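What follows are several structures.
Both complexes shown next keep subunit A, but they swap its partner, so subunit B is in the first and subunit C is in the second.
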Partner chain A sequence: MASSSGAEGESLDDYDSLIATTDVELLKRAWRNEKAAPEILRFESHLISRVKEQIQLMEETVEEKSSGGNDPLSVSLYQMDLDRTLFLLRSYLRIRIQKIEKYMFHILKTEELWNRLSKDEKDFARTCSSDLNQHLEETVLSKLPENYQSVLKQSIISEEDDMVPEPQLDTFVLCRSKEYLTGIQLEDGPADDRQFSSKLFEMERGVLHFICYKSIKALVESGKLDLL
Partner chain B sequence: MAGQSNHELSLFSAEELEFIAEDEIVDIVPNLKMGPLNFISGDFGPFTPQIVTQVPLWLAIALKKRGKCSIRPPLWMSVEKLSQVLEAERDSQEMSDQLPFHYVEISRLLFDHARDNIPDVYMVRSLIEDIRNVRFHKVETDLEAFNGRTIAVKIKNLSAMEVNIVRPFIGRALQAFYKHDSPELIPDPERVSDRRPQVVNNAPRRQLRR
Partner chain C sequence: MYGRTACQLVKEFASGDKGQLVSFNSDLFQQVVAECSQHHLELQSLIRKIQEEGLDIQTARNADHYGALIHHLALVRNKRCLMAYVFNRAEIIRNLLWKIGHVLPQEIEEKLCHTEEEHFKKHSTALKSYMSKVMVDLTVDMVPPKDPYIKVRVLDDIGDGILLSDDKTANFACHSMHLLKRTDAEQFISRGQMEELTG
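After this line comes the complex of A and B, so read on.
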């Protein structure tokens, strides 16, 4: 998908904000994007492992402080900070699991999506789909006429797997750009009489837009846009 | 107000929005002495009595609940400022950019936990209420301008809570427009029987649309 950024002279800005941005902030962004995107996004493996490390360190610190019995106030504040981060992490992982459960057959057969999962998520998707497969087989499918026994197809005359739920990429999502973007292709279909179909779209920094997820998918993946 | 926060399309529950808003930074005046706090989410403090320091809202509220600080309401939460904003909102169909993205949540949290730190709290509260109503009314009128050609909607200065309220509606409406406008998504009896290329069955349908 064609996308070019019109950002000039903002690299310094970016650098500053990168330095000032904590992992919690990044996790919050990942969480919001994941919540808002219809399909599963790439697992933020580096970020997640850093956050997990920090959580573990913090848990040890809190443990230490509370057994030392000094200053219950700051211990409780540290605990609150820890709880907030834990909430973000859990919620992030849960949304991903929900998406995997919903679209597991689709993810399993789509390499691009499959590669977005973490190792644990892959294990989960594999076990989950084989269990579901087996369950459906035993309870329903084996009792149906021969032509209708596939989990993936309505009947054997279906050419494609037409019983696999797929995420709807033409959902409209709300996004905010971090920089001035231009040349966003709104429709990737062949140009026809509708004037807007080939029109390039621009976005000012910080302005909210409701837009079709398909059109901005690449920008979300490259981190230029935030969903919310 | 159209309370549709349970709807799966609203994505963020009111509690989650509040959670996000709690990371906004506010000024507090502590009345205790405490060393710096090195949190996962950042370093805050040290805290010295009567010396203003900046902390996230959740920390401010936690300290406030324990009677360890007073919270300085943000500058926009004054009668003077809010009256200006209200006037500006009433004067123009544009949404004013004077208020922070999370103004609803921040003001709500402060009303709940730090009302004694807000000067003229009743006035401030009713002003914010009025601003909310005016703004929401504007959003509703803006929505009437939608039509089938709308492929992307730009909304300036809409706040988090307002976004959440209109999201289910706008999202569904745009999607419906989009679907009805995409010929390939309209079930076509001819297409079911044999999958001919798009170009072939484009012609007759075009005529029907006109």
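After this line comes the complex of A and C, so read on.
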């Protein structure tokens, strides 16, 4: 989360970088990334707990001001600010929960994804998947012949779990880089073709790109790239 | 033809409006399940036949082997169709939680089968317990707020004495218009009891 944006040291740049590191702005970024990414990203636990504290503070301020007979315009401005932050928080948590709902079996069996969830989300995913499991079992699986009763496998002879819906990582996303990046491996074209041309892609700072999520997955995870 | 009924089931789901439910087709569903059992019986009898002829099941490549394979594949396909049907319906049902709230209106509830109702209730409990843990209500605030207050018209006689978040009560008579806090109004809007007036 480096904020070393402009070497010129102009006051405007300083102001921008200052604004860009407030928690609300960070939350907005996390929210945008989460919204655009096809898979679930790491839970921003520190950020979320800080934001929650701030929301509480803001709620107290609003209450104080409105009971203190302050002028209603400033109260409503505070309220609006609060509402917007609350919306970001709610929407962020909501998107994550909806992703968990959609891909719970996949998340549950993939350790990397599982570790990205917060503790409460893990609890939710566990109950949720056991509920769905039970639902599928009662409705379909218990009525099928015994070798075909697995939720994760098509039949007993499948070697892998071949009935788990996974997020599509090869969709395209809009992204913007925060710094000059190079050596991005584009994962398109047939496999042998890729080896021969081995195109490495570079990104200038602040330029918009429309690119396959798979090839920038690692950069999003390390926070070098923002999705839009 | 094998697998046709299952295909019909999935097609019926897929041709419906997106996010809308039609009644659970238990008739067709039972037919497919019965077809599965039939496949299994035939599969087993073919395997028995191969064994009786003294052949190794792993390596035998005669007509019976391929017959058994067809039954196996048809069964797997039927299973996938059944699962897809139930799984995707379950997804819509879970999404109803976000769109309508924790109580389903009668006309939707009629379209669910018994286990689906159970699933909805359980999922609603799971979501509630998550929301109480994080202490944030996720079912309000579905659209980004522009103004803390919105103008609404009451469509249904909700009655008076409804407590709002600022400890005041309001009288929501049918067709009356109000300027309310968005968070207060949202629950009524999602139940279809109010509409937002824009412009």
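By our rule, the second predicted complex is superposed on the first by the 200 of 228 C-alpha atoms of A that agree within 3 Å, B and C clash if a C-alpha of one lies under 4 Å from a C-alpha of the other, contacts with A are read in each partner's own complex, and residues count from 1 in each chain.
Keep in mind that, in the parts below, contacts are C-beta pairs under 8 Å (C-beta built on N, C-alpha and C of every residue); 3 or more make two chains touch, one makes a residue touch a chain.
Only a predicted model underlies this, so the values are computations on that prediction, with no experimental measurement involved.
K.L.:
So, does A:138 touch the first partner subunit B, the second partner subunit C, both, or neither?
P.N.:
second
K.L.:
Between subunit B (first) and subunit C (second), which, if any, makes contact with A:156: first, second, both or neither?
P.N.:
neither
K.L.:
After lining up the shared chain so the two structures overlap, which partner does A:102 touch, if you call subunit B first and subunit C second: first, second, both or neither?
P.N.:
It touches subunit C, and subunit B stays clear.
K.L.:
Counting only touches as set out at the top, which of subunit B and subunit C does A:80 meet: first, second, both, neither?
P.N.:
Touch partners of A:80: subunit B and subunit C.
K.L.:
A:120 contacts which: subunit B (first), subunit C (second), both, neither?
P.N.:
In the superposition, A:120 touches subunit C alone.
K.L.:
In the superposed arrangement, which partner chain does A:212 touch: subunit B (first), subunit C (second), both, or neither?
P.N.:
In the superposition, A:212 contacts subunit B only.
K.L.:
Return the residues of subunit A at which the contacts from subunit B and from subunit C coincide.
P.N.:
76, 80, 84, 87
K.L.:
Any idea which subunit A residues touch subunit C in the complex?
P.N.:
Contact set of subunit A toward subunit C: 52, 76, 79-80, 83-84, 86-87, 89-91, 93-94, 97-98, 101-102, 120-121, 123-124, 127-128, 131-132, 134-136, 138-140, 143-145, 148, 154-155, 163, 165.
K.L.:
Using the touch definition up top, name the residues of subunit C that touch subunit A in the complex.
P.N.:
33, 36-37, 40, 72, 75-76, 79-80, 82-83, 86-87, 90-91, 94, 98, 113, 115-116, 118-119, 122-123, 126-127, 129-130, 133-138, 140-141, 144-145, 147-149, 182-183
K.L.:
Going by the contact rule at the top, pick out the subunit B residues touching subunit A in the complex.
P.N.:
Contacts found on subunit B: 11-12, 19-20, 23, 32, 34-35, 37, 39-42, 58-59, 62-63, 66, 68, 149, 151-156, 158, 160, 163, 167, 170-171, 174-175, 178-179, 181-182, 184.
K.L.:
Which of the residues in subunit A come into contact with subunit B in the complex?
P.N.:
Going through subunit A, the ones touching subunit B are 22-25, 28, 32, 35-36, 51, 54-55, 58, 71, 73-74, 76-78, 80-82, 84-85, 87, 170-174, 186-187, 189, 194, 196, 201, 207-212, 215, 228.
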